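Just dropping this structure here.
Chain IDs A, B, C, D, E and F follow the sequence of writing; residue 1 opens each chain.
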């Protein structure tokens, strides 16, 4: 199976949920699936306790490689402490590396 | 009479703030609430629609008033016109 | 006061519909009179009767408008582009109108709030 | 080469449809094989048969797909939310499918290009 | 009749054209109609020679007060010389003044 | 093998440029062509979809190649994967 990187760049909403649905299907089909939150996508990581979000189901579908861009958090004043998912904070060099390391890159 | 600025898109924050005049009101609704941490100070009376802030996990600072929809209507009635930054 | 609403935001990509409906309900509750809610641009998609309406916004509009006697006006040009047509996909409770009705709403109302 | 397309951009707010159709035509002309064009998110609105299609994009998709033997696949969940349903508003030439078909397209094709 | 200010902040497209249609109707109804281009809205002023745009019909509908924000032009490297409409270049102070001077403000 | 970056939204320019690696290709399509004057220099091979540039009145600088849709397909085939910045 191919490896797939999902780039999440948009704010929460139906379109974001639809991307998450697709990530879960990727997981079900046993694609190696990684997820990188950057730009406004980091807002999806906020308030996961208060709202329904299938992001919380990712690990159950074997989607466990989650990343977030450090500068996207900083420029939006989003604190990593407020995030209830287990993810790695990376810089833009790692973003280039992640894109190079996957067979396919999908965006939201 | 004052103008009510409605910010529903955080990307429009800079333009919105530049258009706010002394005495105006600024209310963050929808995704606009995400811009709250970035509103350092404003000449305007600052409000946040409570339901939207809670839904999006936005922390409310002391400088902003929490509004219900009924309060939102009161603000709209109290201002002579409104501008939506979406 | 006489208040009119202009809704332009897309149903899913934005919370314009939700915010507008919440505002309209509160305005009616506060005793204001709404003459018309005008749907334009991407917002006309709310009037598609085939859409599943999981969050009940379309039903909410129809109920509030019927109870309070205001019009749910959908711009004909914007609607026809996006596949909302009378005797086809238009939901009950919505009316297809021209842009002149929006200008009329601007003139007659005390406030126009855009979402 | 086997190329698949994923179209996600809204028909009017973006030029995703136009760019995707132009790319698909050129890919076919260059002798590549397209298995499937998958419409997801706001892009499913292109399959609304009631929309006026002034710029001929819906018709362009139907013609190219019929001529080249590929599938115009519309995600069922995204479509039902937005009022695109079989035996109702779905345009001829488009098929309602599940998300698994998109993963299949990722696996089987040599390239997947997103619009 | 009321005075109406249209704030044009988005890139060209169908939504932009729909705003222009509304401005023309405002003009027909003899509302005092002004138009201010700012942010990405300044892109609507480019290439008017090459494409169909009802912006070119504004003056025929008595919509003649056209403004553009100077800093929006500058940050997008759009030269005022490339614009084929007759409009006034204004600063952000003038934006506040325009909003205050009209009965209604509509956005795109 | 290189990655093809498709920029269809000028607001995504900064993120896109930060994600471009040495040897990648960057093609501006749709509204992405509006970002052309802002692409000072890039590590990538730079292209612009001709139809979209003409339609939007974008001036083409010498540093960018003008592509037809046929060229666009060639670029997509020549790269191992593509990333769309929309």
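Things worth noting here:
One rule holds for everything that comes next: contacts are C-beta pairs under 8 Å (C-beta built on N, C-alpha and C of every residue); 3 or more make two chains touch, one makes a residue touch a chain.
Predicted model, so just to flag it, every value in this text is computed and none were measured.
Common neighbours of chain D and chain F, listed by label, are A, E.
Contacts with chain B and chain D are shared by A, C, E.
In terms of C-beta pairs in contact, the better-connected of the chain pairs B-E and A-C is B-E. Between chain C and chain E, the centres computed from C-alpha atoms are 25 Å apart.
Note on chain placement: the centre of chain C and the centre of chain F lie 39 Å apart, centres being C-alpha means.
Between chain B and chain F, the centres computed from C-alpha atoms are 37 Å apart.
Among the residues of chain D, those in touch with two or more other chains are 8, 12-15, 42, 81, 112, 114. For chain F, the set of residues that touch two or more other chains comprises 31, 81-82, 84, 86. Taken residue by residue, chain A touches two or more other chains at 13-15, 104, 107, whereas all remaining positions touch fewer.
A list of each chain pair in contact follows: A-B, A-C, A-D, A-F, B-C, B-E, C-D, C-E, D-E, D-F, E-F.
Residues of chain C touching chain D in their complex: 10-13, 42, 45, 48-52, 54, 80-85, 88-89.
Those residues of chain E that touch chain C in the shared complex are 1-2, 4, 14-15, 18, 21-22, 25-26, 29, 31, 104, 106-108.
Residues 7, 9, 38-39, 92, 95-96, 99-100, 102-105, 107 of chain E are the ones that touch chain B when the two sit in their complex. The touching residues of chain D, when paired with chain A in their complex, are 6, 8, 40-42, 75, 77-78, 81, 99-100, 102-103, 106-107, 112, 114. Residues 1, 3, 8-9, 14-16, 18-19, 22-23, 25-27, 29-30, 32, 111-115 of chain D touch chain F in their complex.
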